[in-house]
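Both of the next two complexes hold chain A, though its partner changes from chain B to chain C.
The block that comes next holds the complex of A and B.
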């Protein structure tokens, strides 16, 4: 990337690379001093050792409860293990990457289910992450206004869903979205016939296109339904989230936006009043202030919210477990739920573990892409600003 | 880099020490040393249908403990498949536990069950269909706990309101369609059945076929008779006289039936307990399922008393199970829990004691057990998923998919 060279070392190191660059500059400092270098290094080494001694309780705890189980799960994902023996004793067959191959290459039921779950979750992420981020930002801006009365009440009300147990919220939504429930009652009131939410497996894309008479959701065209890739037809790939999945999307957007609102709110209150005021004096309108002053100041928090959102949405489990168990027609099946049911219901722990590692790879990849996207724009702006200054 | 090597090595070493300490917890031994003391402490894990069942099992276990000088702790599982899976993996399973028919083959194949069938004195008293369900590699592993079959439950008030009499109880598929049509009016649906092959499977049996061969080595889902059965079910759905419970805002057939949203449902013995508990005011009657072109047919369900291969108290556990499956206890459980005795010798007595459940007891003669070959759960779950979309799909296609998915499990590597 040519942009990084002009923007200097400081801006290239994101949160993840900071410790590394820190130790790098430390080493550089030791090298520059020359004569006292060896003594300095020895002292630094001793200090480092003591440092490790001090953090060792935490390292042990983290290692025991995080690193070790992850390593064990990785090992299990390479086994054909039925969960009824010790996976580390050699009783279970080592099958190498077979479990991963079942997920991607072999045209069986497992692959179809896995691909279906990936499709569902992808549409879920594509809708939930932007919606919850925008909603959270909107709420934060709303409750941050100085002239708003009863701020505390609103902040509590918006944050409330986040502190409520997801199981309880899911159960309430089950009742709200029954075919004769409150939501359909409201829709009826304005003259709309609501769907029977939890049994409606139609894809949203086809439903909406159906409204305009472009496709008939009941009879997919042969060009799309007849061909496909990875065990699903194009009709299924392109269907979008099902109506049933939409209820889970509503629910999650509603519950998580409160948490993210809190993060945005904290960041908003960190923006110096002088900065906003000078923008106002420069004649910036409300929209311009938001676009050119507030949003750039919120970028680190935006990154945090998007990253947490991505991670959380790819791992969605409890709502699915409570509300739909993957039904109808597997349109609310997610990789996390599939991993659970393959492991505990079908005793295919190896495949279940493999799914969770594929999920990990997806999350890492998407977070990386998102980080790159946010950083690159940052670099370009600095570049432009640098040029105009020259 | 150098200065971090030593501490890292120390950390790594201690981690691996911890790891070995952990894995010593998984004790891998073929036959665990048996406890032969007079006072043995047994652990039992059950999945209960409610307070009645919990207290009945606890009372029976306590009586045995008192008579033998041992002690039994009865634990209630929230999710027994998951809890058993965890305990097997951790090599610390309960001594005695409920084993569902669909998990049985997985456990037997994995070597988690102690095969005590040969030690049962009254093994010939059990219904052969049930012992077959718990036989793996020609060995009877465990004693069937009880059984349930499906019957047709009719709401007597709605039945009368539709101008029907006892003589109208359906005998054939056409009868069933006719009465369902008559009952469907004023916001009531004639029939509501779970979109589940455990219930709808009865129609395959009545059609004269079944989804697999009797030994579960071959799939026969694509049979013409099966297609005919599913086409019949789809016809009821399109006519609107059959609705799945979810379309009636209910979790299962019994709920739609109890709320009076459906006038008939196809459910098993557990319906009696649920009706008593949740819908005591709904008057109903259970009659035999209609016969199809292939004769009579229903589904049967059973559990067994599993004993862990890794239990240290196997002899005592077998003794406990013998007591729990004694004639007296089976009839007592039948009375309090609502299930039927697993011994065919007790069915007549059961019918006398529970005349309302006679239709269920009579069903045992033509009952089909669900598919339970290893690895088939996922395939059947997928079939259930597709059954929920039956109204908008082609029955032959659903069964062809099932045939294909099933063949890859039964004919292949079993994964």
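The block that comes next holds the complex of A and C.
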């Protein structure tokens, strides 16, 4: 603050020497005497001009590379386009909503692939979101303890994975999870035979049930394998994430938990010390304090972390690209990667664009939930502030 | 818990107190040890990565868990920088990543703060609408934009050029939002004073407002550098030729099987490590700055 107040007078001594202030040498006096409204208007006009000058790069870049492309892609999602001709000429093969119909209604390879990708991503979301949230909360509570020495070091250690390149850490995990790699080496130490992670397409649900002898993952019962809906059999729908997908889940939980830990930490430090102290005086134990004081105070952040997780997990792409390219047996295929590979490898840009918009709809739905939650939180905070002001 | 005296500190004798203290110290040590173990699990992938870069292919395959490279080899580093990497033009990747990150960071810091200031402080027609548009643009996820970006880049005839790689990244909605939030938190009086003294909009912005925004600008610089250095999807859909490959796209293609032969894990991990180091350095150097900037913002309220 002190530096800014001293820089103020410093700049006031300037105008005398500035060429542009020559016309307005008596500006201070004129403002007092002259018609204020005209001056106001002139200044507003000037500000309006400068305002547009200041935002023009933003308007240009975001308009050209965000708004326009969305419009173009919406058009292309209604075409059967192979990426060769000009999609905006009259020669374009307009097919209406066919691309969307191929995804949901018509039986065929496209729908099977799309439904497989939805299934994979759904199981991925169901595992990643709870795991990363619980882990982040646990880490934040642990790092926040007063007893802990070297908090900064721990915070850095947990946060560091999330600032690194997703491509680089995917490379590392590819190395760690090789069939004769470090992870399986560790498992061997404790007497376990690790799977060959990246080629194992078995669903986790069937593998676990197989341990108890309930099903044989190798030979599905006809009741489940023979019937199905939307192009996939029940056996495929209910399989859970494949073993290969689990490596991506481990990787993502490991990288994102640090980010969310920081959010929880900030909220934990916002809990008034007096509140914790009074709980202690009332004789609340550690567990009771956590349940009745800390967790209720964390609820807004918890909700934020959950919804951010829901939004982020539908966008998984980089890890799939590096670690599996959708393999084995399409069990790590996600809508984002399918959209990419259909467009760039199979030249089905129309279908690829249509998947983009379905994905956008899913994510916007999640964002809507988040906005609602945030509004609720802001409202409550304003209420609290108003009360304390009174 | 064992003696009733220990439960009630008011009546605790000196002996009970020392028992308590001892137990407290032991608990504290145990807690720290458990945390150290967890932190080790978090850092282990990086440790193994660094160690493996000094191993030979054979040792990396035979004993991936060994923490001591034997023989100690610098072959991968020589291969990456000496031009001997078959199909792995690492210097090109590095050069492209540096170029893109530097230009994009400079552009974002400059353009984002301009737009953020205008949206926070200048009165002009359409400001409200632009703010709403900015917020809605922020909620459009990058992955959804892959195909659309490719379409527009191809339509403009700049596919597979540096223009396509850099220009779309020069402005980012989140950065504008951060700067807007910051400028709104700065007291208006200082700008008013400068304006009354006859400084125009541009001069007020450049010599009064921007110097005050240093903490926010540092945050924006770090975020922009990290973001553009780690950027992947944008380059995947806007480039194709190997001469435009960056560390992320080059490495991704190398690792996913497009280049080279065999597993070559030491080489892959070395490339990944070298791609991680710049961001790691920035992170460790500026981490304290981050915290301090946040605290300064909180104190100002």
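Descriptive notes on the structure:
Methods note: the second predicted complex is superposed on the first by the 296 of 390 C-alpha atoms of A that agree within 3 Å, B and C clash if a C-alpha of one lies under 4 Å from a C-alpha of the other, contacts with A are read in each partner's own complex, and residues count from 1 in each chain.
Here, a residue touches a chain if its C-beta (ideal position, glycine included) is under 8 Å from a C-beta of that chain, and two chains touch if they have at least 3 such contacts.
Being a predicted model, the structure only gives us computed values, none of them experimental.
Once the two complexes are overlaid on the shared chain, A:109 sits against chain B while remaining clear of chain C. Touch criterion not met for A:220: it reaches neither chain B nor chain C. In the superposition on chain A, contact of A:68 is made with both chain B and chain C. By the touch criterion defined above, A:364 lies against chain C but remains apart from chain B after alignment on the C-alpha atoms of chain A. With both structures placed on the common chain, the touch criterion links A:59 to chain B and to chain C.
Once the two complexes are laid over each other on the shared chain, residue contacts for A:178 go to chain B and to chain C alike. When the shared chain is aligned, chain B and chain C each come close enough to touch A:48.
Once the two complexes are laid over each other on the shared chain, residue contacts for A:203 go to neither chain B nor chain C.
Which of chain B and chain C touches more residues of chain A: that partner is C. Once the two complexes are overlaid on the shared chain, A:240 sits clear of chain B and of chain C alike.
Touching of chain A by both chain B and chain C, each in its own complex, is seen for residues 44, 48-49, 52, 59, 64, 67-68, 83, 87-88, 178, 180-181, 343-344, 349.
Of all residues in chain C, only 24, 27-28, 31-32, 35, 38-39, 42-43, 45-46, 48-49, 52, 60-61, 64-65, 111-112, 114-115, 117-119, 122-127, 130, 133-134, 137, 139-152, 154-155, 167-168, 170-171, 173, 176, 190, 193-194, 196-202, 205, 207-208, 211-212, 226, 229-230, 232-233, 236-237, 247-248, 251-252, 255-256, 263, 265, 268-269, 271-273, 275-276, 279-280, 283-284, 287 touch chain A in the complex they form.
The part of chain A that touches chain B in the complex is made up of residues 41, 44-45, 48-49, 52-53, 56, 59-60, 63-64, 67-68, 80, 82-89, 91, 102, 108-110, 113, 178-181, 196, 198-199, 201, 218, 326-330, 341-349, 351. Those residues of chain B that touch chain A in the shared complex are 2-4, 6-7, 10-11, 14-15, 18-19, 22-23, 26-28, 79, 81-82, 85, 88-89, 91, 106-107, 109-112, 244, 246-247, 249, 375, 377-379, 381-382, 385-386, 388-389, 392, 405, 408, 415. The residues of chain A lying in touch with chain C in their complex are 4, 7-8, 11-12, 14-15, 18, 20-21, 24, 27-28, 31, 44, 46-52, 54-55, 57-59, 61-62, 64-70, 72-73, 76, 83, 87-88, 139, 142-143, 145, 147-150, 153-154, 156-158, 160-161, 163-176, 178, 180-182, 185-186, 254, 258, 311, 314-315, 317-318, 321-323, 325, 336, 339-340, 343-344, 349, 352-353, 356-357, 359-360, 363-364, 367.
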